[in-house]
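The structures considered in this document are given below.
Here chain A shows up in two complexes: once beside chain B, once beside chain C.
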Partner chain A sequence: MIWKFAYRNLLRNKRRSLSTGVAICVGFVGLNLLGAYIFRAKMALDTTSIYSAQKGHVSIFKKDSIEQYQIKPKKYIFNVDEQNQIQKVLADLGDQVEYTGKQISVPGLLSNGTKSHPVVIYGFDPVAFKKSLTQPALLEWAKDWVLPSQLEDADLFLKNPETLSITPKIAELLSFNYPLKSNEPVQMAARTLDGDLNAINADLGAEHTTGMQFLEDTIVLIPIAKVQELLATDAVESISVYLKPGVSVDPFLNELKTKMAQIGFATDLYRFDDPIINAIHSGSMGFLYVMGGFFLFLICTAVSLTIINSLTMGIIERTREIGTLRAVGFKTIDVVQLFVRESILLSVISMFFGVLISFLVSSAINAANIRFFPPGASTMIQFVLKWNLYIAGFVFILLFIIASVSSFLVIKSKLRTKLIALLNDTSTFDDESEEEEST
Partner chain B sequence: MKLLILLLAIPFYANADLATDLLRASDRARGSVKDGVQWSAVIETEENGDSNTREFNIKAKGDDAYVEATKPAKNKSEIYIFNDRNMWFFKPSLKKPVSISARQKLTGQAANGDIASTHYARDYSAVIEKTETFNGEKMHVLMLTAKSKSLTYDKIRYWISDKTKLAMKAEFLTLQGKPFKVGMLKYGNTLTAAGETFPFISELAIVDAKFNNNKSIITYKSPKVVQLSNTIFNVNNLTR
Partner chain C sequence: MVVKNLDRADNYPMSSVVEIKNISKSYKLGETHVDAIKSLSLVVTKGEFTALIGASGSGKTTLLNLIGCLDNVDRGDILIDGMNVKQLNENQKSQLRNEKIGFIFQSFNLIPVLNIYENVELPLTVRKDIKAEERKAKVEAALKDVGLNDFMHHRPDQLSGGQRQRVAIARALVTSPALILADEPTANLDSKTANLIIDLMLELNKKKNVTFFFCTHDEKLMSRVQKIVKIKDGQIEA
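What follows is the complex of A and B.
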């Protein structure tokens, strides 16, 4: 019966209910779309980190390698025996591991025969690369970070292990002609792990993008065997572990850490989003979380104040009604429930429309294919809002709680007033008058 | 007023001329000879507890130099070509030579450019900073500033003997003017060119300014004037 009363009361002042409902609805839509944007950004960063940047879900490095590898590379690499020991540990966790990939990187020179350009040469496992490039998650969340030509032939590096992939920016700097499938011979030079200058040939045959503007003139990719040839070694810098779908990263990481502690050399293990190996991920998400938190605070405050304002006005107008309700036998709790349910009802109806509107707005924006340059990005990406039921549910619960608590607090304070004062409609929200009434 | 400016400028130009003359004279003893000259160099390096030895045959003529690694076996037949201020690296397995920087480390403390860069008078602007006594000899201390970014060092403080016109010490400086390597030169060889016999460098010891145990000693052996064809300095001939 109280629900029925509450519904009728909402209709008594339609204009005020409508304006309050619109405020709640707009707040809900805003938070929902913001959440959809942050969710998309996180998923895109996650998948590009794991698959495009080939960090895997977990990366295994020699202890202190992150700080020391560039200074003393020979000391901070995994030799063949150590690689085998790690693979044995990973084989024990085979029910969780989908595949692994080895990497090694080195600063060096890329030469077109007439001039050289300083680059970081990144050696990758071509089998793992192919698997990563064809991951459904990568194509779903981060297609903008994969060049169309990369998807044309994921077997390219398996067919020709001499193939070098460069970015469009490096192609421009070294005056390489498009398409880059000419297998034009290029040379790479670097210091070996023993400190000698060495150079090797490679075939220019692919292009990629790093996704970041400041890396576009720096990173070249080539199968790991070529980098090992350049460095005169069979060692690797890191091993990336890619987990099967549904496997949680943190429990796996803890289990792997326990097992790795038992082998004969010290290692460092990192999650793909660890700031130590992925500052871009943590920096970008940190910024988005701070921004999201700020907007969350603003919108929640605005919604809360709107409800308080609307209810306060309603209560002032309905003071005598409250007194009457209590006079005919309604308990204080019943009156509180009535007003709280009015707020809940209004919030639920508003947010129901909010769900529909946010879904429609995000669908319309996605269909419009709006493209923009995120800060520091190398290419334009689509402005995508990934509407998500979990986010909608979270925002729904949050605003529901805010509406309920706000209305409860407002009505609770009013009901401290004496019944006779309510019936005479002489009360206000002034504490002094309440005290006078009570005396 | 004009006369005053002229009078003030004269010492500066005179100073710069003297500095350039000293530099030109000292370059000759390091291989800057118009006719072709060749020598072999052994670089012994000690760095972070590791030591290694590398050997090269060097042929230089005018602004060009041809450097071939002879030892150890794994580096044999590697070639460095200096064309004017450009430097190239080549080895038989490469399809094309690679353009490299003179600043890059060759081995230990020795940069690529150290092995055959002999034209300081051409590559650096020189001014005399001061005159002082070093090892009992009067020395002109020159401040050399690179004329191009492609040179081995940005700045060098260079001690040239007033008597012999030979460079005896070099401090290789950062852009901020702080020494990061110190080179000591010895002249135990002689070379005869155009009927004149003059001292020729026999040792360049390059020591890390901060970590004295990290050092490379370049020993110059068997210098002689030879007729060299220009074709050996042509980088395009490497791949033919």
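What follows is the complex of A and C.
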């Protein structure tokens, strides 16, 4: 009966209910789509960090390596014995670890025989690299950050461990023509860990993108054995740990930290999105969260004020009715419940349409294939809205609470009025307002 | 919360529905202090059909509001069916109004979005002790008592003034209250319809022993009531 009463009250002033409902619906759609955009951006950054940038879910470095490796590389690397100890620890956690990869990087020169360019030579594990590039999560969330040729060439590094991958920008700087000729010789030079200058040949054969404009003229990739040859070492700079689907990173990280503390040397462990090893991820997400929070505040305030305004008008018109309800025995809480239920009903109906509109808008935007350059990115990416039920659920609950609290505040303040004043109110009683509405 | 558990005056006569003991009520209208009720005492017994008369501004409506727990006394006590209103908080007063008092307003105060059945059912919707079947039976009985059982699906705006007031009477009756208070129940009706409403109230009083206490200006009506209380300047004159 009270729900029916609440529903009929919504129909009492259809225009007002409609405008309030539209405000809730638009707020719901806006927050949903904003959430969908941020969610997609986070997932893209997560997967590119883990798989494209080969940081894994967790990266293991020598203690203080991040600050000291460039200065004293020999001291801040894992030798073979240390690598074995780490692999033994990881083997104990085998039920959570899908695979691991080793990396080592060094600043050096890349030459085409006549021209040189300063680069960071990044040595990677070709087996882990292939697995990473074919991860469904990477292809689902960040296909734009992987060149089509990268996927085709994933086997190349396994077949020929001397294959070097460069970015299109470096190809341009060193005047390599497209298509890149397989096995075209290039030279790499760098200081070994002992400080001697060393140079080796490699085969140009693949291309990649870093995804970031400022790195496109810097990073070259080559299987780790070749970089170890250049540095005259069998050590590695870091070990990346890739977790099985469904394994939570933080509990794993804590467990790994405990186990690593028991081996004979100090290590630093980082999540893939740790600002120390991934400033791009934390910076981008920080910006998006601040922007999202600002819009969340604006939209919630607008929705809240619309509901308060609409309800205040409705309550002024229904003052004597509230008095009548109180006179026939409705307690304060009963009247509050009636008005809150009206708000809840309006919110639920509005958000039901909001779900449909969110779905249609996100589908239409995705189908339109709108492409743009994100700030600092090296490639155009598609503007994708990955709308999902978790976001919708969160926004639904948020607006539901806002609607309930707003209506509660409005009616609660009205109920402070003396009952006799409510009954003697000379505002339009609903007999008349409804007649106006129906005409 | 159960109102029935609240204090009951030990010497309260069982036949009294309302006992008013030396109450006073004053208002402040701008700078002016108005004594609306001055040291007034009164007893309304069960089954009485009492009219409260007096000139405009004599305190009729104020007294009715105080008896109906719609307003608070400054001094004195009002006992409704043995319960001292002064000792009740707002929620307990709501429960008392719901269970012990029925209201008939001059302008009917029906809820326009509810049909006649739902309007009459309204006071029962907050009663958790009454089951749906019992509620239905009570509503139908109240509508039958006022002769509107064929109109239960109509909306208030589809009824005449007299019919609307009948609905208001049914709404007041449905909880089987100890007392029905009516503030000028015929003021908004033509004389023929007003007579019919008074006939109905008298019939309910005689047949069902419902206690009515109402204020009126209608002189024709005064000749038909068994007890008249005249109020002047906030005090009972006769």
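In this section, the second predicted complex is superposed on the first by the 423 of 439 C-alpha atoms of A that agree within 3 Å, B and C clash if a C-alpha of one lies under 4 Å from a C-alpha of the other, contacts with A are read in each partner's own complex, and residues count from 1 in each chain.
FYI, contacts are C-beta pairs under 8 Å (C-beta built on N, C-alpha and C of every residue); 3 or more make two chains touch, one makes a residue touch a chain.
None of these values were measured; they are calculated from a predicted model.
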Exercise. Check whether A:D95 is in contact with chain B, with chain C, with both or with neither, and answer first, second, both or neither.
Key: neither
Self-check item: Partner chain(s) touched by A:L423 [first = chain B, second = chain C, both, neither]
Solution: second
Exercise. Tell me which partner A:M1 touches in the superposition: chain B (first), chain C (second), both or neither.
Key: second
Practice problem: Answer with first, second, both or neither: which of chain B and chain C does A:A327 touch in the superposed model? | Solution: second
Quiz item: Is A:N9 in contact with chain B, with chain C, with both, or with neither (first, second, both, neither)?
Solution: second
Quiz item: Hey, is it chain B or chain C that touches more of chain A?
Solution: C
Quiz item: Can you name the residues of chain A that touch chain B in the complex?
Solution: 72, 109, 111, 113-116, 185, 187, 189, 191, 194-197, 199-201
Quiz item: Where on chain C is chain A touching in the complex?
Solution: 65, 68, 70-71, 90-91, 94-95, 97-99, 103, 105, 107, 109-114, 118, 121-123, 125-127, 156-157, 171, 175
Self-check item: Partner chain A, residues of chain B touching it in the complex
Solution: 47-48, 52, 74-75, 78, 89-91, 93-100, 104-108, 112
Quiz item: chain C touches which residues of chain A in the complex?
Solution: 1-2, 4-5, 8-9, 11-12, 320-321, 323-334, 418-420, 423, 429-431, 433-435
